[in-house]
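In the two complexes that follow, subunit A is the common piece, with subunit B as its partner first and subunit C second.
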Partner chain A sequence: MADKPAISLARLDKRFRVSEREPGLWPALRALFRREWVEVEAVRELSFDIARGERVGFLGPNGAGKTTTLKMLAGLLHPSGGRAEVLGFEPARRRPEFLRRVALVMGQKRQLSWDLPALDTFELNRVVFDVPRGLYAERLDEMVELLDIGEVVRRPVRTLSLGERMKCELVAALLHGPEVLFLDEPTIGMDVAMQLAIREFIREYHRRHGATLILTSHYMEDVAALCERILVIDEGRLRFDGSIDALVRRIRPLRRVAIRSGAALDDATRTGLGALGQLADAGPSRVALDVAPARVPEVVARLLALPGARDLEVQDAPLEEVMRELFSRRGELDAGPGEEGAR
Partner chain B sequence: MSSAGQGFEHGALRRHLALVGAQLRVSTLAALEYRVGFWTEGVVGLAWSLGGLVPLIVALEHRDDVAGWGPWEIVLLTGFFLIISGVFASAVQPAVSESMAKIRTGTLDYLLLRPVDGLVSCLSAAFEPWSLIEVLTGVVLAVVATIQLELTPSAGQLGVLALVLACGLVSLYALGVLILSASFRALELQNLTFLMETLLDFAHWPISVFRGPLKLVFTFVVPFAVMTSYPAQSLSGALGASEVLGAVVTALALAAIARLAWRRALRGYTSASS
Partner chain C sequence: MSASGRGRRSKVAALWRLGVAEASAYRASLLVWVLATTLPLISLVLWRALAESGPIGDYDQHGFDSYFIAAFVVRQLSASWVVWDLDRQIRTGELSALLMRPVHPVLHHAMTNLSALPLRTALAAPVGLAVLLATGGISITEDPAMLALVVPVLALAWAINFVTQLAIGCLAFWLTKAAALYDVWLGAYVVLAGYLVPTSLFPAGLAEVARMLPFHAALGFPVELLIGRLSVAEAVAGIGLQLVWLVALGALAALAWRWGLRAYGAFGA
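Up next is the complex of A and B:
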């Protein structure tokens, strides 16, 4: 019998009631006595399973329902309908034994005490999560070393940079050794070097502890580097479930072949290359073609034959472009699991 | 005791006490970062509370007693008032305000993700140790007044004093929880903490000053007067069994209503921003 999934959602719904009124003084006065409410469907009939130890990227535009879903899975929000199960628990009941096994890290919210060194918040969490002192010291040493924050944890949080603070937030969230980790935009606003450091830390944490991981991020590099599977959600609905490769092939089936030439390309050459595929870029001495995978060897051979050909690249379309295209084609790609994603 | 499924399993009491202790430690450390807090929150708070006694002092200059309470009895009452207002200023008000701020910014999420009762987390979220100066001053005044009045309370009377003081504190916390629960729905209701602070000033006066509906309100609805008058009366044995029972029933009822309101508020929690 297959292992029970770590996370299981069945037709999960979340609706919010929000007040609405026309702009202006009169509608504002009228709203004092009679307010009009509308129901917003943040998450609609969301269903998927995540196996133990899996790393899943949760993608979608702003307001797609990603964070709402994570909050329901962490037990912060009560679902309006459907069922959610995490490690065999119903998250909304917020049983202590459930909360001791999960963690939610939010890039835009902090739990560290502003005026105190992060070590003081770590100690508070040690007590709150009832972590034995020896284990606490072991985990703290491990994470401080991985993140290289030996001195940082001793300084008041208000004096730390955004990246240093986020590193400390991660330690605070992981000291109790969660088996399921929800990461909501953990690298938001950070420079490339800091993004890389956080990403490496998460990858290493997963390698060492085998935690189940769901990540939302606006940085596609985060998702591409950390997640073996992605779930695309838009307007509260699941639009895709599968690997990044499967998504790219589905949305942008053509591969991009690019090369630099030692000499400027004449018009005749360009026209000839254009017949091989879609011309994506044509600078004076550079050319990029989007071609069907079956034609890649033929195109590569033709491009390498160009005078002074160098820097040949064959790649899938960038994930950013794929996502942009996916959301511009709403309704076309619906709810279906990816080619590898029917789980 | 359970909230939204957060049951008190084995060892829960120990863990909750440890949580409160750890939170007090963190709040105290944070307070120590700002020495100016000693003056603004401690000494000024005490001066403010004592300043509220001026009407009573003026009244005693024109008559021998206020509604049957002589000058030293008023000092005794003032002692208990300072104890209650000190607890409010050091523990209840900061925790409720801090939790409300967390609701507004969405960081209440982190409190609710702890494997402990969310209400205990909220009610220990902040603490202002400087305001304990009021509590200490209150204790000193109560002891001095007891000596001056030549009261020699029996063990039973001291037991009743502990009981009615506990009822007063439970009622105080319950009112704080009701305000906190209401603010889940409408953040504008945060101003209710100021209303509560203002209402607390009525506890300067002996309960016998109030008549009719006001007496009922300050005894059963917002039992601030009971928090100070009953402890003072218990020391002299002037507190009847029916009044003690009334204080217990009021405190339990307020606590139960507050707990229900809290559970309801949690169900509707929308977790501000992402």
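Up next is the complex of A and C:
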């Protein structure tokens, strides 16, 4: 059964009913007697498969349905329609055999007891997840060392910094060796160094244990560093499914080729270069061209031939820019699943 | 014992240990809770003064001493606070962490609530002892059969409080402030449970009704049993009533929990 997907979604839907009112005293009073409800479609007909051991990132703006989807897969939310299957289980039934094989880490929530050392929660999890003592000690030592939290786990959780707490949350979630790990904004609010440490740890955990990883994050760096596959979800729908490179090329099909030159360009050179691509920068000492990937070699050769040319760079558009563009172009990018070859 | 039975026992024990650790961390607030539930001792002073010139109903001064000290003790031993925990956990989404563990969240709450009772009792003991010394002691039942019933009756009283709080706490799946509704219940409890006045002193008519309600089953009945005011027949009937309320309120709580989980998440959990 090795090729059966770890996770499988078929036309998964989630609708919420939320009350709505205008601001102010009068609408507030009126809402006491007559509430107005609106139905929000958080997730609409979402279908995709995730293979065992895959690392998948959910991207999308706030309220796009990423976290809702994640919570349905973890079994916290009941779908309004469609089907979700994780490791052969229906998540919403929350069978103990299912819960023992998955874990959910939420950057904004905690499972650790606030006024107790994290070790107390670890110990509880050891028992409720049926982790043998030897294996528990081994895993705990391994993670405590990787995360460098030897002392931290003995202090009351309320005294820890955000980053220290998240490290302990990760340990608590991983002690039972989950095969599927759901991560919802695990690095939210952390400084760059801490983000890096958490990211490295997650990557190492995946390397050692081959768990299936699903991550939502606002930090593009997290997703780029951890995930080989990206699912873009917006307004509850799947907009893109493929690698990060494919996503970048789809949004920004052109690549930027830049070079420092010794002298200002003359008009003839400028016109010549303009014919190869869009001239993004033609300053006295720097030239940058946005060109189609197929033309990169030709453009590179032409730029290197310029007098005094040095420091050649070929790059994709920065990820943050790509995302900004992606979400400002809502609706336009209706990429069905499997858009690997968009170039 | 089977492996799964052993597993369940060790889980219960682990939850108990966590509960004891949490209770010790929260000992100050636990003490505040004890002090906030000393109302029966205030009633004691009032009724004692009123009974100075002669018994009221079938209670003389010593009778009131016994009743209200027993009420204070029963209140401490049947205490639960799951409604506040659950209300907060549902609203903030903290419940998710419990739902991800392969142990039922209700069992988690039951154990953490129960495991705080020994410490709570220890904190309440000096208060109870002081009152005991000041009043010159209380009389409890001397009938061994009744004494044997005290523990199960107290356990049922605790369970009634717990499932009531659970049922009301589950309303947080749909309402913004379910714990506020519990204050309404608590208001009725203060009046009808025999917390301020023994229900047997209520006007005829009201007394009979009050003694049928879950409030009385959770407080007045265990108190009267403890201080030896009930016949065997009354004790058996009272236990029957406790069981009826436990099953009825427990079924409500179970339904609210099941339906609630389906609605969970609508508030950004």
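The definition used in the following text is that the second predicted complex is superposed on the first by the 299 of 343 C-alpha atoms of A that agree within 3 Å, B and C clash if a C-alpha of one lies under 4 Å from a C-alpha of the other, contacts with A are read in each partner's own complex, and residues count from 1 in each chain.
One rule holds in what follows: a residue touches a chain if its C-beta (ideal position, glycine included) is under 8 Å from a C-beta of that chain, and two chains touch if they have at least 3 such contacts.
Owing to the predicted nature of the structure, the values given are computational and were not obtained by experimental measurement.
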Give one word, clash or fit, describing how subunit B and subunit C relate on subunit A after superposing.
clash
With both complexes superposed on chain A, which partner does A:E185 reach: first (subunit B), second (subunit C), both or neither?
first
Tell me the contact category for A:H78 with respect to subunit B and subunit C: first, second, both or neither.
both
Figure out whether A:R93 sits in contact with subunit B (first) or subunit C (second), or with both, or with neither.
first
Thinking of the overlay built on chain A, is A:F129 touched by subunit B (first), by subunit C (second), by both, or by neither?
both
From the superposed pair, tell me which subunit A residues show up as contacts to subunit B and also as contacts to subunit C.
16, 71, 74-78, 94, 96, 99-100, 102-104, 106, 109-111, 113, 115-116, 120-121, 123-124, 127-130, 156
Subunit A - residues contacting subunit B, complex:
16, 67, 71, 74-78, 92-100, 102-104, 106, 108-111, 113, 115-116, 120-121, 123-124, 127-130, 156, 184-185
Subunit C contact footprint on subunit A (complex, rising order):
16-18, 68, 71, 74-78, 94, 96, 99-100, 102-104, 106, 109-111, 113, 115-116, 120-121, 123-130, 156
Could you list, by residue number, the parts of subunit B that touch subunit A in their complex?
4-7, 9, 12, 15, 18-19, 21-23, 25-26, 29-30, 33-34, 105-107, 109-110, 112-116, 118, 267, 269-271, 273-274
Contact residues on subunit C for subunit A in the complex?
7, 10-11, 13-15, 17-18, 21-22, 25-26, 92-94, 96-103, 261-262, 264-266, 269
